[in-house]
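One structure coming up, written as structure tokens, with questions to follow.
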């Protein structure tokens, strides 16, 4: 193949037609309460790990729900499971459970 | 030599053989697989006094069931009658058989079917006496069986709200067990009647049987009765090592191993099997469980957890759904380390590779401030309860204490939540970071407001040279040293023991002493070792918010019933959980102290 | 002789007003431009948040209107102090007028980029109510939809189509229909694209939560920017998932546009009366928003229902009662 | 197609006497198209089109690449208008969509901010001594062809029909972004469903293919193309469109913007070389035509006269379908018979370069 000094950029759009939604569906079946997230961001604002890294729990689980799994496991691994987010979540989501679940479903060792 | 064989003994003989083969196989296997250091502990322990202690404990616990007596005397009697009674039946029966049966070698099974093989049952003075003693013992055991039946139907009378829901194997063994002694009674009575025994129970019953049904009928009947007795014994013995009754024999080595200081640990190991199979599934752990009582979760209690783990069908749901409050552990009559076993079962579900985890923890994560030999670690949760921070500040100021604040502006988690979730290796990285931080700043005292942090600092941080104190201990010390004064007022307080502080770290008295210097203390019914959990425990990864809330409601209700003006606790997480449903003010101990600070 | 009051519009607000007036011994006349009473509810299937059949509400109202004079297929041209002028030029004299002429449904065709009326599988919430009533919900070629997208705020909060206001009830309508479709098609994936979710009524927020947690309906914050038809007649939609900050696209079997409330076309004509004023949205502005929120500046003209602003059925019904009582008080004085 | 909404967006197009300004890209890459436009208008339709050799680039590419300031481009545009005024024309038409957008934008700016027009007049006068009148009407050249589409249809010798099957040819049309996305009212059919090319196709017997990414940009994007490192973004956009249209198996693409025509054509070559992907039948590309070329073929012009040998994607398969007679040997010969060179063999022109070339020196 010929090299012209540039590549064809991959689209940035989340393509819900191509994404494999199986894992996302399984996660939501296991913890339907995750679907009630209203993206208030209080989890991320109070996050112990988020204070010293770019970890954004809300964003990562939203991406996972859209079938964008790449990097989610690594991101979730930044979490220290301290539980502050669970105390601040107005929807009562078991956030620590979500972290564990996403890691279990997306960890490569599985 | 007399022939001590009859076909009917076969079921019994097979049963006993299977039983002891399996038990020996299991014990040897578990022991061989134990880590080197555990085996070394055992070998070193055997020639010590611990062995004698263990023998005594085996007698007290495995036979007399002393701990169950403490839970409920009737339940204790039931267990004693079954265990100790059966033991005596075997022991006295053996004496009886060896004294009265003819022949040089008397096979082991002969005493079991003594009355069948004895040519004449009330042989001599000893015979009559022993026969009556044996009848008495049988009656003793039968009273236990009757109680067991009664317990199945009316558990509340024996102090249990709920009994264990058993698996099929357990039900078979249980049914066999229920029939063993009635079958023995019937078989012995029939033979006694035919042989004209005069003992008070089997003799009289036998006489009545013969008189009522005729010698011919009872002769036929006795054959079936001995067969039946042998079969139920055989069934029970075969089922025993595969059912909950394995506990009868497992508890004995467990007592020895425990005496030799072998313990379970945050990672699963072979010794755990001794604990897991020592569970009798008595179900005493069900009632204290708040998940069952308040949240309607009925399949995760320690008895079910151990059962599932034993049969290798433990689900993540069960492993994760536990507050690890320790209420069941304090009550377990076998003394199984339930929290530790629950914890080390989680690793296989959470087995996340630890490599590269928390690489972001560098010196940049040090946001501490101040310089002092005294360090204060607020803890993540305390950062969500700024009143505690303010109160601690006021107390430090009043005591003239210079403080190094480890995490006032945000810190790194203590690592215990991660450990509780089964990520033991990863937790170690966080712990290392914090320990290095404490060392770097040269503190010699570390005060924390969070019992969760306290526990992990004490147990996993190996902070040699640094005294770790919960703020309740620290505050009490300040008062005793006269560094701060508190004024006694007219307020009444009730105190909630946080799980990690009370049962977890054994700190019950310090907070109470501090409170009693400030106002009157009204205790809740269930306090200290029996204190309720607030439901927010980080150890439970599965519980949902509504269930947490129901547990918190129940606790808040109990606390309100004391009529105290203020609820005091000593854990930020408990404070938030109780405040969710409390009708009166909820304060941390430090707040109460800060408000009562005098000049 | 009892006083005569003209009620313009025979929707729920008009029916409730007339029924209350009749109960007070006043002689109401309902003027309805359609051929029967009921207004928009005639086309609605079930009402949020209780899933009460719309017909039940109408039946109850109809029963209270036994002796009320009703003029159907009649339209009001102007409102005057002495009464109303009909389209055919007749003047109906009355002592008071209650305007209950309601709202118009926003024409989804105007939001051309969503392809309503152009692509086969683009629908509006009004279509879905009809399809639910007929018991026939399926794609244009008769298939069970596997993936459905709802788009909130079509014709609401949209400067580009002159609809700056929030139509309020569409959020909960979208949630309600999503739940109804999920019940019909449990295997389907349903996505609601929203800008804000505004759950103002009792039980609405609870229903929203139920839709998320129990019905597994996905809510994606982001307005669909465009829709296009694929070769198999499905609809490809593009939006930004604004909570992630990345564009998102998907193909759906049905795209359902949650259409908003537009001010009634007759409002402009009525406003020729000096006592009747309009908001910039062309909804009628009452004398004030508090104690006189059902009164005009002209003494004998009153309002009830969505003629003054988007409202739900319950609020419209309440205003019917309130307006009737104010009319009665006015007639006594 | 249930697409009638285009009728809501109509615009006034003058019937005759146009002042024509050229396109940088079209005159370089599709010179035959501009010639064809003039020929069709003057010869086939008998219209008057004025031109001025001294007109310049509108500098739109520089403007969109942030190197030409607004004041400068306004003055350049004013100069073009001055040329029109001096030549005695009132109806301005531009060959380029970028220019069309620039003219629309500047006229609109002058309307909203009259002081900018005043300043521009001053700059122009100081610099060149010229003065101008604003055009009475502004049209893109595709608007003008659209305007005359029925008459062209009447004169058509080869409708857009597959001569073998008798079926209408399936045509993908692509409208340059700056045609109507800046000002929907400035384009026929508005920005959502522009009708300018679709109208031509339908009038000349073809079938318009509506496909999901129809409105998407071709990816030119000025800065995105001009900086080599950014070309990945540019090509990705074309690829998105090609992937979206491929399932419809279109016979050809027609575009009204010179840049789009070029990129949809040349990126097909680049994608084929970089990834090995082609979007037409049998591993070939989809031919891309300018609307002038399309009109020219319909009116019976010779494809090499129309400059179709300049395309990267070979057009022969389309010519065969339409029944256009052409001399394969003459493809790479100039009018004077001189060999003009030919592209290397590539996936998108594989079958059409293997013809023996008769070199007439």
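Per-chain numbering from 1; labels A, B, C and D assigned in written order.
Here is the rule we go by: a residue touches a chain if its C-beta (ideal position, glycine included) is under 8 Å from a C-beta of that chain, and two chains touch if they have at least 3 such contacts.
Everything numeric here is computed off the predicted structure, so don't read it as measured data.
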item: Per-chain Cα centre nearest the global Cα centre, belonging to chain; value: A
item: Per Cα centroids, the chain farthest from chain B; value: D
item: Chain centre separation in whole Å, for chain D relative to chain A (CA means); value: 45
item: Between chain C and chain B, distance of the C-alpha-averaged centres to the nearest whole Å; value: 63
item: Where chain C and chain D are represented by their mean Cα positions, the distance between them in whole Å; value: 47
item: Chain A and chain B, separation of their C-alpha mean positions in angstrom; value: 38
item: Residues of chain A touching at least two other chains; value: 33
item: Chain pairs that touch, as defined at the top of this document; value: A-B, A-C, A-D, C-D
item: Interface residues, chain D side, partner chain A - complex; value: 228-233, 235-236, 239-240, 270-271, 273-276
item: For the chain B and chain A complex, residues of the former touching the latter; value: 316, 320, 349-353, 356-358, 360-361, 364-365, 380-381, 383-384, 410-413, 415, 417-418, 421, 423, 426, 430, 536, 538, 541-546, 549, 573, 576
item: For the chain A and chain B complex, residues of the former touching the latter; value: 33, 46, 48-49, 51-53, 77-78, 80-84, 87-88, 92-94, 96-97, 100, 103-104, 107, 109
item: Residues on chain A engaged by chain C in the complex (per definition of touch); value: 12-17, 21, 28-29, 32-33, 35-36, 38-39, 58-59, 62-63, 65-66, 68, 91
item: Interface residues, chain A side, partner chain D - complex; value: 1-11
